[in-house]
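I have placed the structure first, in the form of structure tokens, so that the comments after it can refer back to it.
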Amino acid sequence: MSKGKIAIIMGSQSDLRVMSEAAKILEELEVNYELTIVSAHRTPERMMDFAKSARKNGFHAIIAGAGGAAHLPGMVAAYTTLPVIGVPVKSSNSIDGWDSVLSILQMPGGVPVATVALDGAKNAGILAAQIISNFDDNAAKKLENYKNEMREKVLKSAEVVETNGWKSGKVGF
Amino acid sequence: MSKGKIAIIMGSQSDLRVMSEAAKILEELEVNYELTIVSAHRTPERMMDFAKSARKNGFHAIIAGAGGAAHLPGMVAAYTTLPVIGVPVKSSNSIDGWDSVLSILQMPGGVPVATVALDGAKNAGILAAQIISNFDDNAAKKLENYKNEMREKVLKSAEVVETNGWKSGKVGF
Amino acid sequence: MSKGKIAIIMGSQSDLRVMSEAAKILEELEVNYELTIVSAHRTPERMMDFAKSARKNGFHAIIAGAGGAAHLPGMVAAYTTLPVIGVPVKSSNSIDGWDSVLSILQMPGGVPVATVALDGAKNAGILAAQIISNFDDNAAKKLENYKNEMREKVLKSAEVVETNGWKSGKVGF
Amino acid sequence: MSKGKIAIIMGSQSDLRVMSEAAKILEELEVNYELTIVSAHRTPERMMDFAKSARKNGFHAIIAGAGGAAHLPGMVAAYTTLPVIGVPVKSSNSIDGWDSVLSILQMPGGVPVATVALDGAKNAGILAAQIISNFDDNAAKKLENYKNEMREKVLKSAEVVETNGWKSGKVGF
Amino acid sequence: MSKGKIAIIMGSQSDLRVMSEAAKILEELEVNYELTIVSAHRTPERMMDFAKSARKNGFHAIIAGAGGAAHLPGMVAAYTTLPVIGVPVKSSNSIDGWDSVLSILQMPGGVPVATVALDGAKNAGILAAQIISNFDDNAAKKLENYKNEMREKVLKSAEVVETNGWKSGKVGF
Amino acid sequence: MSKGKIAIIMGSQSDLRVMSEAAKILEELEVNYELTIVSAHRTPERMMDFAKSARKNGFHAIIAGAGGAAHLPGMVAAYTTLPVIGVPVKSSNSIDGWDSVLSILQMPGGVPVATVALDGAKNAGILAAQIISNFDDNAAKKLENYKNEMREKVLKSAEVVETNGWKSGKVGF
Amino acid sequence: MSKGKIAIIMGSQSDLRVMSEAAKILEELEVNYELTIVSAHRTPERMMDFAKSARKNGFHAIIAGAGGAAHLPGMVAAYTTLPVIGVPVKSSNSIDGWDSVLSILQMPGGVPVATVALDGAKNAGILAAQIISNFDDNAAKKLENYKNEMREKVLKSAEVVETNGWKSGKVGF
Amino acid sequence: MSKGKIAIIMGSQSDLRVMSEAAKILEELEVNYELTIVSAHRTPERMMDFAKSARKNGFHAIIAGAGGAAHLPGMVAAYTTLPVIGVPVKSSNSIDGWDSVLSILQMPGGVPVATVALDGAKNAGILAAQIISNFDDNAAKKLENYKNEMREKVLKSAEVVETNGWKSGKVGF
């Protein structure tokens, strides 16, 4: 049983295209999570309520995804002392993602947001599991396994390329 | 007597270096204003209270300045239907101002912020006066005068340069 | 009956793809508007005439959209003391929108343009309605309703996701 | 007594100018830390040994600062499943900080780095304390106090400005 | 006697810091010029009059310098069919010069501006002389001499470095 | 009969996609031109020969288009005192056109290139005609006509929109 | 028989889309190479072993391709004194290639990476052959031939365009 | 005795401020070099002669530094099949170094330039020594020593910090 619980929030249902990757990896790592829609600009009071009660509601970290002038992660961080993980989303209204990245990353002193790569929801999930791994041995073990599997996959792929040559029909790209 | 009233807010006292320009031009244009400190990330509830009551407190526009991941203007706009004017401040923690500009400008559909140039607090003040000029003839007249003075200054400067030549000691640069 | 009137102008008919969003939202907010084509570089004198007479023609704000080296909003602002709202358009000749944004936003002291997000014509319309809401109670009420509807939509969407789970067929993305 | 322990590492002694802020805030928040020099490019094997043994050496998170082509945070993350917090440093060989930010933030799927703002070592320390606050009540309490103090400071500053006016000699900027 | 005449204009006297380089090189190349102040945003009608009468006033090219949202070169080009040379000025209100460059360079089809490097007023002067060299043999000869002198200077410098070695006291840098 | 002659060169046949626009507008403006392929990096000696003999071969300006690390315009300018017009091409190997723009625009003092917008070959042709218009009345007249036609087109388009309304089926976009 | 041997490595099989160009040109230039998969973040120890033994395994240069936060080239360079050629790959998780370029190019003093253009794997192969050409006359000869063929192709293309005219059906673009 | 010889060239004497670092490190690594001034734009024929004869003059690599629209490295590469190492210089006329970097890095297929970091002349020297180390055992040994010394310096620095603590007076920063 997972000892930790993660919140995954985003400004609109359309962000699920990116943010569902956080949910998927948390399931794979056997970490509990709850996912919902919270908009900084359209439901600011819902956001405040959510953030202020997150710790006492049993969450250990909050993953927040947003695009364009992305205020959700930073504003959630204004209301809680839990670690907040920000996912810059390359939304349709974004200038190639630069606005999403900068408005999440460049938080003022005192109110950090742990920012991951553009559209990096999967890494947000892994980071959340790493935070939980400090007190949840199952999460720690799962993360170790995941790392090993990534390594094995590369080694297997290297072996295929080395054995067959990159021009071989056995090596797709 | 000014019929309009403008709020000027900023995240920290240090922003006064830039934001005082908005106050100065409003005084010159004889438009009432109130100026105070409101931080999105450090006093989010004060921000909410301020923004939600701004219209009934008699304000006609809100000028909000912030730097880095600048959420103040956009979050104020989330709480009010007054026009919000955002001033991107090139603060010490900003990446050459790009973060300030993008996190104020790139608001999602439904929640506009009227963004002015980087450190453009003076123009924020003029824009506020222009908004008020729609129902305040004194502001309209003052703006017209201000435009005329700007033109006269350039014409005078052109005359000096044309009469004396740019190399003359009478033309400073 | 709307007490305010907004002008919507753009450099070419092809900008209607973006700029029609301003017209649509103004209709939804029951604010009068007139829309036409004015080019800074191809009809500079028409632009001058338009801008100089805009206030006495009963307009309360001018929404101007342009792309690339986008001079229309700033030059209109040079000729009028009305609030000018600039919409940077990501036109076919633009470098990812950066030229449109910077040549509208970075106006010199004395001549502000209220800039909205790249392709943010809808927000330009809302901002215009906000300006008018200072003296037009219907616009103020409509804006309040619009804000409420946006909130309700998010809350409904959150409820669907929370009730059914993001993987459910009932949650599209 | 702090139940958590944080590692603070950086590529060169000169990074202490920025990275010491992480140490200072951890001391203020009463969180244990160890600080040393580890270079990805000059001591890659030391880095590997450090990262691989970090969890069993009792660390709960690693703060890594680097500038330019900043590989330290990402490579440490390659060797451990602990949360790694990356601080992009605007070092003398950096192009305005963009290289530092992008080479830390844009990690591939599977190997996250929790990135904070450019030169944001203070926020890295707070984020580390937030991670520890999940199992260390003292850290949680200290973070809450810190948040309250930040709020109080802004409220005090607002009071001074409102009482005296921004032009008063009592308001420095 | 020079057969050509060049206009040098700029938005404000402070631009003389950069724009005087255009005047200096035209003097060196023995090309006539007139220099004055014309502001697109503060004296739009003066700009129109200037541009519309430039050809019949005997000018063969117009050098226009401006910074930030730099509309002067493009708007002058809207009113004349003379070649217009734009100098992006890194003015105090510019974001590292990017706004100046893009708002001069990215003109729409039909209305070109010959853009030179940021603060490249000297090259604007040379380009103007090159335009005149098509019908003024003295300008052509002067340009040829100037090119030769540039080459000789480099050759001399190479000789000093090769003869003495770069570490020698005779090689300054 | 055209009194001027323009050279249009580019690094590869594939650049004709963009550069043919320069040829087309010169034909429309009845200005003579010659078009060929010259590569700075693949045929540097051909480039040298071409540039050094361009003036005595009767050319009055050279339009040079290139993408990526675009050295053709600047190197041609190194070999001639004719006006050189550079067209930054957004080629397949370019980083969104930024490399093309900067490596053409940012020429050192003494060797100017008249740079036009990204993919702005049409404007390069018009600029070349403007240069020739100084001594060729037919080119001057054609340019004047072209400007008038552009204006008429916008006025016609404005009339259609104003008469029918933008929602009418008669207004395409 | 080739006297030199080049290693081509990349983080994932999907990079073969770009990196196979390096292999192809090395085959054309008759230079030996070995190609395999090595990931900095997923197989850091394999990377270390590979890099540390590269010289004694007979390699003369290492071509390493990576995208996003691209640490492979720089980390390989940390472990070897062979020349390392870095290919920034515009991978799916990259912000338009800027992260790939900067995290490869901006290496700290002491640990160089010879960076080529974005997706420039072909040039990486040629650069490797140039390095080998210092002690392998066949490579030198092949490179000379390759340069000649590039020139001939351009000259042929120029001839076709000049003879037939760019509008002719014989000139494709 | 060094078996290799490196050329170090730059466009102007003022580049020695940056480029002398290449000379210094080559002396430290006991690699022969010759240094002189060659300008692509001011002495294009000298550049051609230099580049075409470089191989038969005994050079094994050419280090070329330039700023702004930096054409020297790429044009030298157009004339030779030797490895060319490009150093982007942040010269006074550069836009924060971006023009220098892009106009050196983004070479078209067929003509590579081995680009190092902005102002990275020291790394250019090391890279040149690495190229020579393929056939010069002394250079290989010197590079190995240099790598060891870099490591030792970091280890020493780490020891001082760990022993004394970062706040100790013995740790400068």
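Each chain gets a letter, A, B, C, D, E, F, G and H, in the order it is written, and its residues are counted from 1.
Assume a residue touches a chain if its C-beta (ideal position, glycine included) is under 8 Å from a C-beta of that chain, and two chains touch if they have at least 3 such contacts.
Because the structure is predicted, anything quoted here is derived from the model rather than measured.
Common neighbours of chain E and chain H, listed by label, are F. Relative orientation of chain B and chain E, expressed as the C-alpha superposition rotation angle, is 90° to the nearest 5. Counting C-beta pairs in contact across A-C and across D-G gives the higher total for D-G.
If you average the Cα atoms of chain D and of chain H, the two centres end up 34 Å apart. Note on chain placement: the centre of chain D and the centre of chain E lie 48 Å apart, centres being C-alpha means. Mean C-alpha positions place chain C and chain D at a centre distance of 41 Å. Residues of chain D in contact with at least two other chains: 11, 42, 68-69, 93, 95-96, 98, 101, 105-111, 113, 117-118, 120, 150. Pairwise, the chains that make contact are A-B, A-C, A-D, A-G, B-C, B-D, B-E, C-E, C-F, D-G, D-H, E-F, E-H, F-G, F-H, G-H.
Here chain D touches chain B in the complex through residues 96-98, 101, 117-120, 150-151, 153-155, 157-158, 161-162, 165-166, 171-173, going by the rule given at the top.
Of all the residues in chain A, the ones that touch chain D in their complex are 4, 55, 60-61, 81-83, 85, 101, 105-118, 120, 122-124, 126-127, 130-135, 140, 143-144, 146-147, 150.
Contacts from chain A toward chain C in the complex involve residues 11-17, 20, 23, 35-39, 42-43, 46, 68-69, 93, 95-96. Partner chain H is touched in their complex by these residues of chain F: 11, 40-42, 44-45, 48, 67-71, 74-75, 77-79, 93-95, 98-99, 102-111, 113.
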